[in-house]
Each structure stands twice: as C-alpha cells, then as structure tokens.
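The following pair of complexes shares a single chain, chain A, combined with chain B in the former and chain C in the latter.
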Partner chain A sequence: MSTVTSSPASSVASRLRAVSPRLAIPAGSTIGPIVAFLLACAFFTTQSSQFLSGGNLALVIQQVMVVGTLAIGQTLIILTAGIDLSCGAIMAFGGIVMAKLAVDTGMPPLLAIAAGITVCASFGLINGLLVTRVSLPPFIVTLGMLNVAFALTHIYSDEQTISGLPSELTALGNTFPLGRTDVTYGSVLMLVLFAVFAYILGQTAWGKHVYAVGNAPEAARLTGIPVRRRLLAVYTIAGAVYGIAALLLIARTGVGDPKAGQTDNLDSITAVVLGGTSLFGGRGLVIGTLIGALLVGVIRNGLQLMGVPSIYQILITGILVILAVTVDQLSRKRSQR
Partner chain B sequence: MIRRGIAFAAIGALALTAAACGEGSKGSGSGGTPKVGLITKTETNPFFVKMREGAQKQAAADGLQLMTAAGKFDGDNESQVTAIENMVAAGVKGILITPSDTKAIIPAIAKARAKDVLVIALDTPTDPQDGTDALFATDNFKAGELIGQYAKAKSAGTTPKIAMLDLAPGVSVGILRHNGFLKGFGAANVDAKASKAVTAPQVVCAADTAGDQAKGQSAMETCLQKAPDLNIVYTINEPAALGAYTALKAKGLEKKVLIVSVDGGCTGVKGVKDGQIAATSQQYPLKMASLGVDAVAKFAKDGTKATGYTDTGVTLITDKSVPGVEAKDTAFGLQNCWG
Partner chain C sequence: MNQKPAADEKQSATQEAGTNEETGLVQPVMKARGLVQRYGPVTALDGCDFDLLPGEVLAVIGDNGAGKSSLIKALTGAARPDEGQIWLDGKEVHFKSPLDARRQGIETVYQNLAVAPALDIASNLYLGREKRRKGVLGTVFRMLDKPAMKTASARHMAELNIGLQSMGGAVENLSGGQRQGVAVARAAAWASHVVIMDEPTAALGVKESAQVLELIGKVRERGLPVVLISHNMPHVFEIADRIHIQRLGRRAGVVKPSDHTMSDVVAIMTGAVQI
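Presenting the complex of A and B:
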C-alpha cells in the first residue's frame, strides 16, 4: 500500500492493484484428498477381498449420494466464507413435502418434486436474505433455520414416516447395468451435478465472483462485483441443491422420513473440509468435495467389510477432519508470509 | 506443502485404521467362517452394548464371525441402510437389527432378504412386522402395562395425577410403553396397535426426555411447575427416572411421588433397590441377541429360517410388591440386569 496518495480515486486504484493478486490466487488443489483416497482404497484392497469390485465401489457412490449432493451446496456457501448448519434439516423438510404432497394430496409426482425443490430453494433464499440484508453471521442464521426446518418437518409430517410413494419419486434409486455392475441413477445424477458445479465455479465469471467474495468481500465489492447479489444467489442455489438431495434421499430409502438428515449438516461440512476447501472461504474445489465424500464412504464401507465396529469410522473421520483443517491453516499462514 | 501435509495426514489415518482393524478382526478367523451382522440403534447405549456382548459370545460359541454397526443417533435410518448394504456386500448369512425407523428401514431389508439373507428384528418390530423373517423382542406394550397396573394398585385411594416422561416424538418403543402404561392404569380405549401416543384424564403433564437423565430432570422440573401436586411419574427408561428423582428430591417431594420405569439396567435396578424408583419392567437384551445369533447359525448350517415373534420376556422388579401384580424382587433383578 505504499502508493496510497491523498486522492480518493487513486487510493481506490491502488487498493485494487493491491488486492488483485489475492483475487488471482489458485482456487486450490485436490492432490491431497486424491492421495488420501487412493491410499485408503489401496489399504482396504489388501484387507478385504470384497472391497475392490465394481459392485462395491458402485455401492459406495450410492451410499454417499445424499451427503455428497448436500455437500455441493455446502461447498458453495463455504467458498463465500459462510457455513450452513441447516442443509440436512432443509433437505428433510423438502423430502417430506414431496412425499406428503404426492401421497396425501394426490398431486402429480413431478409437480410434488418441483414443489419440494422450490421449498428448499426458498429456505436457502431466506438464509441468504438474513445473511445479506440483516448482516447476520451465517452460523447463527443457519443454526436458527436448522431448528425451524426440523420443527416444521415434524409438524408437517405429524411424526409419521410416509410410505407407499409413487414410482416417480423413487425412480432415482433404481439401477441400470454397467458392465457387470448395477449403478443407481441417483449416483449418476450426483456425479453430473458435481461436473456442472465444477464447470460453473471454474469456468464462469459467476464462479470467479464466488471465490472473490469469499476471499475478500470488500475487495470484491471495490472491483465492481455485486457481493450481496452473489451471496443471495449462492444461498438460494444451495437450497435448490438440497432439494435435489431430498429427492435422492427419498429414492435411496424408498420412504419420506421425518427423522432423516439430522447429522447430514456436519457430514456435509466434513466432506467439504476433507476435500481441501478452506473454511475461511475463497479457496477449494467442488471436485475435492466429491473426493472428501467418497473418502468417508470408502472408510465406512472398508471398515465394515473388515468387520470393524462402526464407531472406529467416526473416530478416524474425526481425526482426518482435524488434520485437513490443520493443513489448511498452516498453508494459509505460509502464503500470508 | 499442502500436498505433503495431506498425504501425511492420510497415512496417519490409515495407520490408525490398521491399528483399529488389528483389534477388530482379532479371532475372526479365515474367510470361510459364516458371518452374522448386528445393527443396533446406537453404539453407546448400555442396552445395545449388552446386546453386542451377548451376540459376540454366542457367535464365538456357534463358530460365526460377528460384524457390528450402529446409527449415529436414535432414529438414524440412513446409517442403518448403509450398514445393511455393506454387510450384504461382505456376504453375511444373516442380519440382526434393532430398527431405528420401523417403516423406513423396510425397503433396505427387503433388498437384503431378496439376496437370501436372513433378517431378524431384535427389540423393536418393523412396521409391518413381517418385513423381517422373525422378531425376538420384549413386549413393550406389556412392559408398560405391568408398571401401569402396579402404579394403579399402589395409588389406590388417592387421586392420581400422572406425569408422563416420554421418549421422543414418533418412536414406536416410546409409544408402546406409554400406551401400555395407560392401559395398565385403566385408561379406556387404548389399542396396543395404535401408532400414536394416547392420553388420559389423569395425565397432568407429558414431556419428552430422549431417554436421557439430564433431559429427564428438566422435564420433571417443568412438570412440577405445571402441576406441583402430581403423585405418579411414568418414565420411558431408568436414566429418565433417575433424572426425575433428582428434580423431585430438590423440591423435597421424593417421598410423595411414585416413579415407575422400564428397562432393568443394572443402574436402574439399583435405583429400585435404593427406593428412588418404585418399580421397573426388566427386559433381556442379551437373550434377544443370543437367540438371534443362534437362529442365523442354524440358517447357515441347514437353511432353516426362523419365523414369527418370540417374546424374550419382561419381569416387573420391585421390593414393594402389591397384591394382584406379579413381581420379582431386586435380588432377582440385579442377577439378570444388563449394562
């Protein structure tokens, strides 16, 4: 900032120059998560003869499709230096809305699905409005929304699990043969969503804005990025993605379950963090999140195949999260020097 | 630097995995041993710890390898679905499960049964009950009924004012015990098959405790605000009962109020012995698990499938028995307790 002069105009110009290198820092790397993932796979291959098969790997993808999809929305929000504690609860409510409309009111299934996704997007919009217009911290806004959505789910569902769903709602849980392996349509949808968001975040101006907002909101504003509008869009889009996760959840379990998703907020944050995205915002790749989600799935599946009690999966995931955040913090300090 | 760091982290985690596995797979033998899976609602509840112990012992006796898994919280259906899938992938002969969500688990169980895996529900029936091959469980409605009858007989001659310290909304075990208690107390129109908790004129307060001692205490405190003269407390389990006792004692009411409960855990039975809880309905998780493992061993051996419902029994435990309600004392309770 040595070029600052008394003129306000040139001051802005110099500040822009000062911040521009920061806006241009690399979005992150997925090498670390990939190495961890491959190591885990290699390890389990040596430990269980059933691990390395097409069927089992398809199973792992199927098992992470709900949390993985939620984690796409979570990644968007964390990239803006926010956090979303309400994603699982919003998803559960969206799922109940879809199931109840389709079963109880006889609404056409596709319309019920659209309604559920719209409801989820609206929750995202409200989160976004509270963050941008009332300037509340995302942690508090989404903590409140977590409880609101949780309660609405139980009130609206009357605590009852909804079964007997029309086939359209569970279609994504069906499988198609790929070689000798059965793959669920929902797994494919999740992978497609990851590809779409990888493109949007990496290749479009909108995506670059998201990173800029997360990196340095003030600098982003000064460079002419409509920060509040971008944030609002991020929360709303994340909400819509939770709606798609709700559909996947229904497809996976075959019922509308009011108790679903209660730990999925933290599980999605886990996937994002293991994928190398920084909780401080502005750095990370959505593909890393996919690998993070798969890593959790592989550890759970591999340990289960070996006959290790599931409590160890939680222990190991916890340690991995702490390590991943430590690595992020250290590398941040290093880059600030 | 980031790369090296994360790679390092991964290696560390894997080393830990290896350590965990070394412990977990001890004595599991070669791949030829038939496997049996046990999926409980949670890992940490002493009830399920006892169930796991029983299964482990019986599996060793029957020459089976036991795999275990659990949900992260009571009601966590998705983790149970995942565990079923993984166990089927691991080639288990049979799965024993305490379903967290009695309806939502049905499709996943159906998929496992389609692959010729014997599925037995322990402790909690699925909805519908024939979603599994067989059910080994306590009759939770009867467990409630026993303490209801006891409380009714014990409070004869007074105006009963009841606080219901329940489990959580929509959980079948909680509803069955709650409704059973009211039936035992003489409430009209209680149906053992009702899917929702009913109420009765004598009930002055109802609150959820999640079966947790601290939450049981807060629930009791709130109920005392609402109805300071209540004289009977139904509790979903013994931790909730002990929480209720703490709250009552703080107000000096512990001698005036009758607490009844369900479970028969060792801490709970001691509470009965010490007079904190008047009576409890004891159930037998170890028996559920050993019967279940035996059934899978039989299926692995000659293909015979267990069917139908097996009542693993429930006994009223109290040291102050009343005529007309069959009960055993705490000496018996402590001999047969779990946890």
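Presenting the complex of A and C:
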C-alpha cells in the first residue's frame, strides 16, 4: 500500500526488482499496513475534529474487538496456508451455548463460559481432524462447518434471542476510566490476546513450526516437525479463540443473538489480508492483523464522522482487500526465482 | 530439544576410526548386507550391499530403476527393508523413520525440499531442533534463544566458507547455490556420522554446482563421510573417492575414479562389463 507497490503497472514493479530486490516490500511485511493505517488516520484527522480524541479511538477499538479476536484465530490458520470460513458461525454458536446454559439451565456463569469456549474449541478440533486426517481442503471443511454451526445455532436457540444474562457474561462490556477516556475491558482483553499470540508466533519453536508448516510443509516434515499435530493444534486453538470472541460478542450486545456474527468470517479474513499476511501461508505477523482490523475500524468510523453513507465503507474496504492481495502476489512472485 | 550440533565432537571420533586404516582393517562407518526391498511384484533391492568408509565421499550411481533411491531410503530410514541388515559404526541399527535415523547421526540433504524459503537462515538451520533460553524464560515461557542460534549459525556457515553476512535474511533471497549451502551447512552441523546428499546439484547451474561440490569437499575435510547420489558423471568424478555402482537392485561394483574412466563406469552401470 505504499507508493512503491500500489502501482498496478507490472513493468514498474519489474524495473524496481531489477534495480534492487530490497526496495520492494517483502511478502508478509507489516510496513504497508502500517503506512496505510497512518495515512487513514492522518486523513480523517484533517476531516473531522472528533476523530483524534481518546473517546473516539477507544470506540474504534471497542468496535473491532470481536472481529479482531476472531482474526487472531484466522491468522493462525491462514499462516498454515489454510482458511476458516466457519469462525463467525462457531462464535455465534458458542455465544448461544454460553447464554442458554447460564440463563435456561441456571449453570454457574463461569462454568457456562468455559463450556462455550470448549464447544468452540471442539469445532476447531473437528475442522483440524478433517483437514489433517481426511486430507480435505480447509476451504471445503470450514464451508461445511459454517453451515453446521449456523444450523445448530438456530436449532439450539429456537431462533430466540436470549436476554437477562447474568452480569459475569457481560462484564467484559463494562468500561474503566483511563485518563478521561472510558475503555472497555473487552478491548483490553483483545489487545492482550494479540500480544500473547505475537509472542507465541514470534518467540517460540511452536510459532516457527506454524510458519514452516505453512511455508514449506514437505521441508517441515523432513526436518522432523510433526506437521499434522501442529495443524491440529492450530485449528483447535483457533476454535478456543473464537470462544473468547463469543464472550466478547455477548458482552458487547448484552444478549445471546443467534443472528450475530454472520459476516464476521469474511471480516476476519479481511483484517488478516489487510494486515499483510499472505493467503498462501507462512508469511505475516499477527500484529499486522491487529493493524488490519483497526484499519477497517478507522475507515468505518472516519467515514461515519464525515457523514459518508455506510455503503462506501464497504466499497473502500473491498478495494483495499484487492490491493492488499495484489501486493502479496507481486511480492511473492518476486521471491520465487 | 536442547541438543547441541554434533559438529564439535565428531572430529575426534573419526580420527579414532581412522587409526584402524593403518592395520588394513578399516571399519565402515555404515555397512549394509543383503538388503531386499519389494514393492508388490517389483523387487527394488535384491540383496544389495553397501559400505561407507570413514572420511570419504562415496558416490552412488546407477540407471533409473537400479535401486538407488530404494537403497538411500533404507539408509535414511525413509523405508524399512524387507530383509537385510544395516550397521552404523559396527552396531546394527533398525531405523523406524527418517527422524530416527537423524537422531542416530545421519543427516540427509534433499534435492529441492530442503529449506523453508520464508524463514531466515538461522531458523532453517535449527528448524525442528530449536534452542530455548536458559532458566524460566525457556522452561515456562518456551522462549527461543535467537541470539545463540544466530551466532552458532554464523559459525557453521563460516566453517564451510559460505559467505553470507546476515543470518536474519529470508532464505528465498539467496541464490540456488547459497540455498543448497544452507541445507548442507545444516546437515554438516547436525550429522555425527554420515551426510547423505540426494542429487544436490540437479537443480543448479554450472557455477552454483561448483559451489556445492566445493562444499562437499569441505564437509569431507571436517572428517564427515558423505554419500552422494548423482546422475552427473563429471561431478561424481570430480569429487568422489569411490563410486558405488548400482545395477538391478544390487551393488554391481565399487571403483575408484582414479583407476577407471567414465566410460568404464557407464559400462558397468549398464551391464556391458562386469567386475
């Protein structure tokens, strides 16, 4: 998204490559997303005096906390060269499980939360088993699981929105004052999760293995990495993260809504792609995903402040996604000699 | 996980093995007798023998279907032979998997699938055998010891004269020869007994092949025996100490490049001449 790589003219790109391979942005780099994010912030600051206020920025983070958390799980899976279309539906089901157990059966709220997260992790585990044991493509597995989870959500909830949730289930929607700004606990939880996964992916052997499995599965196998076990863990952990997103979702809305999160699967992929992570696996940073999610949030928020109709937010997001994938493709081709 | 590259210890071990040479009783580092491998009706190995002597580069050549890859698979643990025995340093071994063979000191350099291109050199050298920090950071937080891995990687690369400044750059930014260099350096760093190279120059240009051949020589200088599988006769004659000629699932013969010409070897390989 910088001036260097956003040029669609491939002749320009190839000339740059010829001059110096280091000039072009490497695949999976977070430089482009950061530049785009800063440009968007600068632009909206000039357009609206409200934009750069603590309250507004806290609002942006709160608005992206559900999709941002989903996108953490999505990043893990995309780094292994997979994709998860079922994340939003799994999250919705997890939320209904939590709400229904706590309200209808009178289960202690914390236990209901744990049960919801476990259910989501189990869905992830099934995805992972189908991908690793039956060798089905992740796209198809998660497309099927999207429908399964969607249907189960509606069957289990009987299409009813569940209200009257105990306070434990909505606690993450509460705010605390930070200076003169009210910050949602859920926003903080999302940021903590990003930090945790940035550490795991960047600083541990397990993280290196995730990159290796996505980048060169055969080389990973030959060096003795248990590829299938790593993949299974990735899908299961992603499922658990969707469970945490489910908790954030009901905390934000205050109810268990079977219709929630229906487009969140695509929004999470958008965040990952805008964050510079390659859809071909093995390249990218989870912090990029945070920037990608914030970029979408800032664009929606900024255009809202400017009074632009909301359909233009979707238009711009779509263009940005195509641009981001183009950059990924160009930089990947450059590195394949 | 906290293994140490074997490179430091192996020098003395091979010198010990070398002392036997003076008495005329050279114990092979790796030996196989009567290997049989059947795939359904096809007999890929038909009582094949194999000897690798300390500190040598042994080329394995043969026509397609002669059983070269089956032999290598048996020696690297990628397949378990139906019959026959394998000894490593005089001790009989039964490899259950490539990982098992690697644990016993046999490292393999594969033709194309050797490295993860998006990862840096240090990560590739330590892939699957990462080193963790000492203390709580390593045990509880599982933190990688990146500085130590980078330093050690730089040393391993320097020992083989692979002139790369940064251990932090992605492998995909290297030339094909340099990439293969990373794979060879990894094998040399971890192997305590044998380095096996499967067509290491097949995908490379003339200049890059020369670099890799030079590397093979460097590995030998450090006392590690090398098994080189190659189709390329000039490469074989340039670097090998002995040539194992595989034909019809058996060892047709072992020759020295100094005593035979390329056409002699081809004649043995095709069965026109028997020794």
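Definition applied: the second predicted complex is superposed on the first by the 309 of 337 C-alpha atoms of A that agree within 3 Å, B and C clash if a C-alpha of one lies under 4 Å from a C-alpha of the other, contacts with A are read in each partner's own complex, and residues count from 1 in each chain.
Please note the rule applied: a contact is a pair of C-beta atoms (placed from the backbone, for glycine too) under 8 Å apart; a residue touches a chain by one contact, two chains touch by 3 or more.
Remember, predicted model here, so these are calculated numbers, not experimental data.
On the superposed chain A, the positions of chain B and chain C stay apart, so the two partners fit side by side. Once chain A of one complex is fitted onto chain A of the other, the partner contacts of A:T204 are limited to chain C, with no touch recorded for chain B.
Of the two partner chains placed around the shared chain by superposition, neither chain B nor chain C is touched by A:T132.
In the overlay built on the shared chain, the residue A:G282 is in contact with chain C alone; chain B does not reach it. Once the two complexes are laid over each other on the shared chain, residue contacts for A:S122 go to neither chain B nor chain C. When the shared chain is aligned, chain C comes close enough to touch A:A219, but chain B does not.
When the two structures are aligned on the shared chain, A:S29 is found in touch with chain B, with no touch to chain C. Taken over all C-alpha pairs, chain B and chain C come no nearer than 13 Å in the superposed arrangement.
In the superposition on chain A, no residue of chain A contacts both chain B and chain C. Residue ranges of chain A in contact with chain B, taken from their complex: 29, 31-33, 35-36, 39-40, 43, 47-50, 55-56, 59, 62-63, 66, 154, 159-161, 163, 249, 252-255, 257-263, 276, 299-312, 314-316, 319-320, 323-324, 326-328, 330-331, 334.
The part of chain C that touches chain A in the complex is made up of residues 1, 98-99, 102, 108, 110, 113-119, 123, 127-130, 132, 141-144, 146, 170, 172-173, 176.
Residues of chain B that touch chain A in their complex: 1-3, 5-14, 16-18, 20-21, 24-25, 28, 31, 35, 43, 65-70, 72-73, 75-79, 81-83, 85-87, 89-91, 100-104, 106-108, 169-170, 195-196. Residues 21, 26-28, 199, 203-206, 208-209, 211-212, 215-216, 218-220, 222-225, 282-283, 335-337 of chain A are the ones touching chain C in the complex.
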